[in-house]
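Common to both upcoming complexes is subunit A, partnered first by subunit B, then by subunit C.
Let's turn to the complex of A and B:
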């Protein structure tokens, strides 16, 4: 097991390096750069644009260098924790994304936990009591959850939140705590705001996981080894938990790999709608404005999250299923 | 028998409501089982023998339900409980399962949990019945593994099922069933998925444990040979009903019901004592010469971790096949016989050796070195028939399309000519031309195998390689299919390479037999010679393990064999 983890960790290093090159290349592949975007914005505002000033900006930002040189400057900084400088915000990238990445992570992990804790029992119930009224009900709700786009659900929940609960629904903090330093009261405030985005972000994931869990468990419920265990005299509940559910958990755990990055990047629209101070909206802006170091840092972190999520799910899988461990 | 039966089943009825229809899987079945007795329930697939066994433990899968009858179990203290009256989930039912009545299932590959250690799966029953604590249960698991002759039980107890071979898994399964010292053991086709040599070992093991513990054994099987070797009494089932019951010797000596007679005839016809269908006739010239054929799977190079050593699936195999000859290739699972077949038809690329094949039109090709274009004319002359008639027909194509496809893709025929040819082929295999428009699911296993054969014949081949072509069929069908092939053979100028683990079938069908063991042909000769005077110890072992369908010749369970 230890060797398995070390092997996987060693395999991650070249992968992350390749990802960083690809990410940077993709950003540089789009025509123009931050300065030309800036110039276009100035021109649109009716101001005159001085070519000499633009050239000096380019040389100051190092944008006149070949992309490989720019990449090397950036990545050698990243290696020691310096993610570069954001042109748009005129401040170091690490300061900009630090708290946003943290909040994103909190939101993602709690959404994941929400998804699992909803999907697991409902999926099990739906499979064991197949074609019961409860199964049909959950199936119906599940399909609605899958079909409704997240931003629409966000708008509906915000409306309900404001008109029924008179809650403050935008953002993750009340205005009093938005820029305050971390404290117990700020955490409580966060928790009070967190539930709406968690429900919105988690609904479609939970709905699809319910379907996955139901289908997996139905496959397992009538496997011969379940009969073997039943013939030993185990109670139905023990039997269910010990055998089919454990085997059916595999795909559940596998979701960790794709759910993490999906929650971070796929939630851009919902984050914009809900005005969440998470990574999504900032990434969108950075990409639009060709703020290359900010965008690069975000993309690199997202890819790392994917890799880490996959690693975590692989480790969990290996713990759950000895067949994987022994391959 | 003077004593009271441990288990008495009276008028058991287990039905499966399927929409408007009701499938009477078990219909009015009665029998008695005594301590120390082995009762065999024999029947073909769909006869209800497994459902009968499962009804006793109330583990019939939905929608099956026990509709009537009594299942009386007599406890050690003499009290009697009617199992049919207990709920499937009742605590009283659970108390009986595993503790008093234990069961061994057919598929050792899928009947053990893939994710729990062997030891834990054995201990589980002991813990569930609160018979002992963990440490003690573990010690008992080791002891049980030793009893079922698993080597190094102290290590084996922490292994996972997938680290075991099929035979070892079935031993572990038996250990599991015996964990709580049950008084009744139900064995549902426990050896069907195993090789004959392993089957003989498992049967001996069950017999020995039965004698040691005074177990009552209810043994479900379709194999009359196994029945003859182990049963005290026999129950013959057909379509949910008991058609005949008798002590074993009596049943084999004077069967009454026509169905029993048919079963016995089919079993003895393919048995080792029966006359084979073919006497080695004068053979034509060899048209397939295999020389030093090898297939080595290379060492698995891996980016990290240890490399796997290379495996030699086929080792320097040489033989000739003559015009009009049937060559049988026999061996246990893993002996490389299927791999050899795949090399011959070049589904697999052999790593060394030559396969010289004379085309009908003249000219010799070395199949081992041909590319796809070169193989095309060869594939018209060599066809393949596979084991599973359910998996080898595309369910979305009609029977006519399935059979006509080889003609179509080779651009030989289309339209009315094709339809006519398909009808003729169906006639050859004994099916009416009107079945061409139906889909495979409408046919039984035996009919499907006929369809598969018709497809193989479509291109008028010279050689058919049949890989376990009759293994998935019930014994009465097996002989029909073999006879069909033999009947078509002279008319069509066919030769066969028949791959099987079933020596009876090979002996019935083939002129010569090649015995494979660990990738090598250890012995080759005429069918008579191999079966009557086997030279190699491996062949002798293989032959000795075949259960003879004759209760007067019970050699199989003799100790010290194998």
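Let's turn to the complex of A and C:
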């Protein structure tokens, strides 16, 4: 098992390097740079733009170097935890992204837990009581959950919040705790706000997992070993939990690899709508303003998050299924 | 059908027979066809010109269509007038029971140019007097008809799904086919590329790609680039389906027979293997379209996809981006309902096609 994990970790390294190059190239492909954007903003405000000043800005930020040199400067800093400098915010990137990435992680992981804890029992129920009213109901909800984009769900919930409860459902903290240092009370406040984005974000994932779980379990329920266990007098519940569910869990875990990228993706857009203090809104702003190191740091960390998710799912899968370990 | 008929029925016929049994898929097919028809004939179907604004009819609420006047069939809506709330003094629309706006089918209204080619003034439905306004689904913040804008938005939103899927299909069949047919190193390389793309969180990557587009580009150029961007990320699923089927077929006896007959590689791929994949590919394509539609909606909603004056469902939803406008005019969320309905219908259709793709399976 130890060797398996080491091998997988080693496999991640070229992957992350490839991701970082892709991310940096994406950002550098944008025509113009932060300084030209800044100059355009100055010109729009009616101020005179001094070419010498722009040139000095470019050389100060290293924007006049070839992109490979810029990439090397950036990535060698990232390796030691220095993500560069945000031009828009005039402060180091690491200070800006710390809490936001942390909240993104909290949101994604708690959504994942929510998705599983909802999808697993419902999937099992739907399979065991196939074609019952409950099964049809959950299938229908599942289809709708897949069809409604997350941000639309967010908009609808915002409308319901305003018109029925006269409350703004956006944000992750009450105004009293928005800029407060971390404390127990702030955590409680976060938990009180977090459930709305969790439900919005988790719905489509839960919907597809329910379908996967139902199909997997249905494949197992009519296997001869189930009949054998039943014939030997095992109670229906023990039988279910001990054999078919364990087998059906296998593909369930392997979906973690793509559920996490989807969650991270969805979190970006939902955060913009609900105005959450996570990575999404700042990333959008940084991309539009060509704040290259801030955007790069977010993109790199979001991609790494999904890579780590894939790794975790592989390890879980290897724990669950010895055949994978010894391949 | 008699047993003899079933035994000699063509593959297409068997598929259709199986598909017809899937009731939800039939409903999905109907809805999808209707949607695409409406998008195709957006100009005559929409009651008004989608860009016609009216500063005095800002956020006009939806008017309920009443089909009967007394006992006579005469579709009409009650006209609204602007009144002040006696307490808050806010302007508010109230139904004016005394004035009815009658609706007619195939009525003359705003002039348009169908597909930019044919001049016309006839609209499927509209007010009897061309000067009247009817807002079946309300008006937006510039007093434009939401229904007409949704109908015109369907054109961009639905066609992006088709165009994007075609690009994905070419990429997916070529790379997936190469991967599955040759196996070995080619397969290894293509599989690593696919794994890499799948593990990237799509929306941040789309955002980064869309932010690259120069802001001064024409709406048409933006449209095609956005489609390209969406399909660059979306082809992987199709490639996986095609590869899997190619791998499975490679060992089949009819392919071996073709080899032994001395067929060229191209002939084996295009004449022998691809035709037996068609139904699977059609099903995979149908299931890929909704993802494309959702992607366009999300990008345009964030302001990185199609921008006004271009109309798409995502661009329309941008109007409903903050709490204030949703609270003032909840009907601005309706383009989202159109997205959900289309995606739902396409999912059912795709599921039915997937089940029907293999008529011999049980």
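In this section, the second predicted complex is superposed on the first by the 310 of 327 C-alpha atoms of A that agree within 3 Å, B and C clash if a C-alpha of one lies under 4 Å from a C-alpha of the other, contacts with A are read in each partner's own complex, and residues count from 1 in each chain.
What we mean here is this: a residue touches a chain if its C-beta (ideal position, glycine included) is under 8 Å from a C-beta of that chain, and two chains touch if they have at least 3 such contacts.
Just so we're clear, the structure is a prediction, and the values are computed from it rather than from any experiment.
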item	value
A:163 touches, of subunit B and subunit C: first, second, both or neither?	second
Which of subunit B and subunit C A:233 touches, first, second, both or neither	first
Partner chain(s) touched by A:129 [first = subunit B, second = subunit C, both, neither]	neither
First, second, both or neither for A:272, with subunit B first and subunit C second	second
Partner chain(s) touched by A:243 [first = subunit B, second = subunit C, both, neither]	first
Touched partner set for A:60, first subunit B, second subunit C, both or neither	neither
Contact breadth on subunit A, by residue count: subunit C or subunit B	C
Subunit B versus subunit C as contact partner of A:7, first or second or both or neither	first
Touching partner for A:224 - first (subunit B), second (subunit C), both, neither	first
Subunit B and subunit C contact sites that coincide on subunit A, given as residue numbers	none
Touching residues (chain side subunit B, partner subunit A) in the complex	54, 57, 59, 61, 89, 91, 94-99, 102-103, 105-107, 110-117, 121, 124-125, 128-129, 160, 162-163, 173, 176, 179, 303-305
Partner subunit A, residues of subunit C touching it in the complex	196, 198-205, 207-209, 211-212, 214, 290, 294, 297-298, 301-302, 317, 320-321, 323, 326-327, 330, 333, 336, 339-341, 343-344, 347-348
Subunit B contact footprint on subunit A (complex, rising order)	3, 7, 10-11, 222-225, 227-236, 238, 242-243, 246-247, 320-323, 326
In the complex, subunit A residues that touch subunit C	15, 18-19, 22-23, 26-27, 29-31, 143-144, 146-149, 151-152, 155-156, 158-159, 162-163, 168, 170, 257-258, 261-262, 264-266, 268-269, 272-273, 283-284, 287-288, 290, 295, 298-299, 302-303, 305-307, 310
